[in-house]
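Listed next: structures, encoded as structure tokens.
Both of the next two complexes hold chain A, though its partner changes from chain B to chain C.
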Partner chain A sequence: MCTIVPISLTVGANRIVPTIAIPHPLGNPSLTLEEERDIRRNLVGRALRALETEVTEQTVFEK
Partner chain B sequence: MLKVVHYINQFFANVGGEEMAHIPAELREGNVGPGLAFQQAFGDEAQIVATIVCGDSYFNENMEEAQKTIINMVKELQPDLFIAGPAFNAGRYGVACGTIAKAVKDQLNIPVLIGMYKENPGADMFKTSLYVVSTKNSAAGMRDAVKKMAPLALKLAKGEKIGASSEEGYMPNGIRKNFFDTERGSKRAVKMLLNKLVDKEFETEFPMPDFDRVAPNPAVKDITKAKIALVTSGGIVPKGNPDHIESSSASKYGKYDIDGVMDLTEATYETAHGGYDPVYANLDPDRVLPVDILREFEKQGKIGSLHRYFYTTVGNGTAVKSAKAFAAKFAQELKADGVDAVILTST
Partner chain C sequence: MKLELGYIFIKDIQFAETSKVENGTLYVNKEEVKALILEDQNFKSADVELAKPGESVRIMPVKDVIEPRVKVEGPGGIFPGMVSKVETVGSGKTNVLKGAAVVTTGKIVGFQEGIIDMTGPGAEYTPFSQLNNLVLVCEPIDSLKQHEHEKALRFAGYKVAMYLGELAKNMTPDQVDTFETPTLVEGIKMYPELPRVAYVCMLQSQGLMHDTYVYGVDAKQTISTLIYPTEMMDGAIVSGNCVSACDKNTTYHHLNNPVVHDLFAEHGKTLNFVGVIITNENVYLADKERSSNWSAKLAEYLGVDGVIVSEEGFGNPDTDLIMNCKKIENKGIKTVLITDEYAGRDGTSQSLADADVRANAVVTGGNANEVIELPPMDKIIGHVEVADVIAGGFDGSLHADGSITAELQVITGATNEMGFNKLSAR
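Moving on, here comes the complex of A and B:
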């Protein structure tokens, strides 16, 4: 899970989930605590889906 | 006189550190920061007419918009050369330098030159499409960088023929240059072999490509039964950073017990990372290491369990060699502990 996807692609990560911003990849301080948790829940859920998905090459899980 | 436009980040423009990394691109007249050394090296052959200053976070988080704005600035100025950096080992700065230089080259057909350390992620991304001068890993290498970049910059601006990477100081870009060596091949080969036999340095004439790729692991069969571990390069550590993990160029990683920890809070955890504004991660470390959500998922049966330990280091100018060594070590522990999958978060 990372904000700058091109770096993760360069270093060779195979399952990549793009995140929000460099100083807060899994949060957004401009939202309420609950809204922030929703975002985080969604991103971590996507990471789990990525882990459950067979891939044959570097894959970015945009959704 | 040749016209040069220089691109630098907020740090080298003396605007500020990470707390100012969000500033959008702005145009300044003449040279700024490291531009002075370039201007001196150019003498009266070229002049830095303008400097574009942009925050590293802003550029990387708003790539399309930042590129559009900067391209318009450069277009207006019509320089003979666009130079960016040097970025040394600053990852986001290196990526920004490469991205904008490539856009200037491709869209405006203006010669470009950038410089950075060989392990900067921007180096691998751009060394085959741009001239990337190899610099030292920190700003202490500025003089050396300018000494290598300035002459190559002038050659590019004048449209002169560019020699081999070993002569000009740019990173090998995969394009061969023919030349006559003073010694014939057999002699060079034997010399190399003799050096190799006594563990002396030698430089191969046929380097192997450096593809750091691993085959993807198979998918986790049933995530609801899986033991998931958290690993981060975002520097999250228990409050007070008990193992003193360095804020940059980390020489170690930490392993911390989160048995019973349901939520990372300002009072209990923080970030040791010195390469991004730490305010948001310190207020709520779950923003980097999502322990709260994984606990929730664990409770709801969406995952089997969250592994008892998380592993952490600071991915800020940290040598690739160190990072590989850390992972080689703790991956064995993760395997021995029966971890099925790892979520690695980075900033």
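Moving on, here comes the complex of A and C:
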């Protein structure tokens, strides 16, 4: 999970889940705590799905 | 747009009853400067110190370095949009106290300010050891938040620099250099046979006190745009950065941007210096994509053959650098990048966080991870105890005798990515 996908690609990560921003990858201080929780749940869910997915090349999980 | 920079060479700085410039000496009334700083109620105390080349003095933690300048003719004032009104600067005449600087200090973040040694091996790494420095030691009120402290100190620096610059307003300069940028159409006609070159100047804009301001606007809220190089000489771009000291661009760097000066020196001889594109380094991926799209688009629109790109900072800005490189190269325009390296203490690690085959012409300011030894100094201006926490320092950096073992990145300006530093390969 990371914000700057090009760096993840450069260093050779296999499964990449794009996140919000460098200082706050799994949240957004401009939102309410409830909205932030939704973001976090969504991203963690996506990361778990990525781990369950077989990949044959570097893959970015946009959804 | 045409600007005449009038240099008044300063060879010494002293405290005196009356602030003035006389025979190459900058005389400063300490109390007037202190009063100027304390106009801001965010400071509970202020002191002013002198640091001259060759003295056994260590200044830390350093926030910014600012060169005193004053508008003599032409619209606007120095630091437009910050202190002076938002008037377009960069034309007419500006006088410069060349050889003098205002250095602001204070424990804002603690680990993101730097060191300037005025003598010894540390002095070799920073250009600011060669200046006659007026050092501002400003202590904030107890309740002041870090970002408010940063802002207050930033403005204290500008105000004192402008106060000193004002002393030179009616003086006849020792030397006058003229810089002129014609319109695009005129420029094409003037040197049709020469390669057209632009400069992409990347501005630190990560937020959380990693900020640069353009005519008073926070650069992270801007989109890549064009600026006359002479606007930069009048302080249109200023640093609000609390970030690793070695490769941040201080306000002094922006005023004296060596890429701009060198391109002007070659203008009409080996190349046609078309202009400057400024772009930012934000923390959202979409911002990085958008800003680099725009710098590439503007380079294409200017019809240039080549572009020099300078980075500020390291880590994720390496991605902005590589995006600018890739996208500009994809327009059929050659690029040369100026950066520095975090290649580990032995220099064998990957230098940048990002890379691309098109980044095949790169100039480095040096390896910021290299470990250096700084001997004790007779006098410390500021707070020496931050040596253990400053970026590049570590637990045990500060020794009992006052000497410091740390990475090169602790020194202000040491691996500057505009190429302002003095390091070179063996």
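Everything below uses one rule, namely that the second predicted complex is superposed on the first by the 63 of 63 C-alpha atoms of A that agree within 3 Å, B and C clash if a C-alpha of one lies under 4 Å from a C-alpha of the other, contacts with A are read in each partner's own complex, and residues count from 1 in each chain.
The working rule: contacts are C-beta pairs under 8 Å (C-beta built on N, C-alpha and C of every residue); 3 or more make two chains touch, one makes a residue touch a chain.
Values in this document were obtained by computation on a predicted structure and should not be read as measured data.
> Is the arrangement of chain B and chain C around the shared chain A a clash or a fit after superposition?
Result for chain B and chain C: clash.
> Who contacts more of chain A, chain B or chain C?
B
> Applying the touch criterion given at the start, work out whether A:Thr3 contacts chain B, chain C, both or neither, answering first, second, both or neither.
both
> Report for A:Pro18: first if it touches chain B alone, second if chain C alone, otherwise both or neither.
second
> Name the contact category of A:Leu51: first (chain B only), second (chain C only), both, or neither.
first
> Share the list of chain A residues that count as touching for chain B in one structure and for chain C in the other.
Common to the two interfaces on chain A: residues 3-4, 6-7, 10, 21-23.
> Can you list the residues on chain A that touch chain C in the complex?
Within the complex, chain A contacts chain C at residues 3-7, 10, 18, 20-23.
> Considering the complex alone, what residue numbers of chain A touch chain B?
That would be residues 1-4, 6-8, 10-15, 19, 21-27, 29, 36-37, 40-41, 43-45, 47-48, 51-59 of chain A.
> Can you name the residues of chain C that touch chain A in the complex?
Answer in residue numbers: 206-208, 283-285, 288, 316, 318-319, 322-323, 353-355.
> Touching residues of chain B toward chain A in the complex: what are they?
Chain B residues touching chain A: 18, 21, 57, 60-61, 91-92, 95, 121, 124-125, 212-214, 216-220, 223, 226, 228, 234, 276-281, 283-284, 286-290, 292-294, 296-297, 302-303, 341, 343-347.
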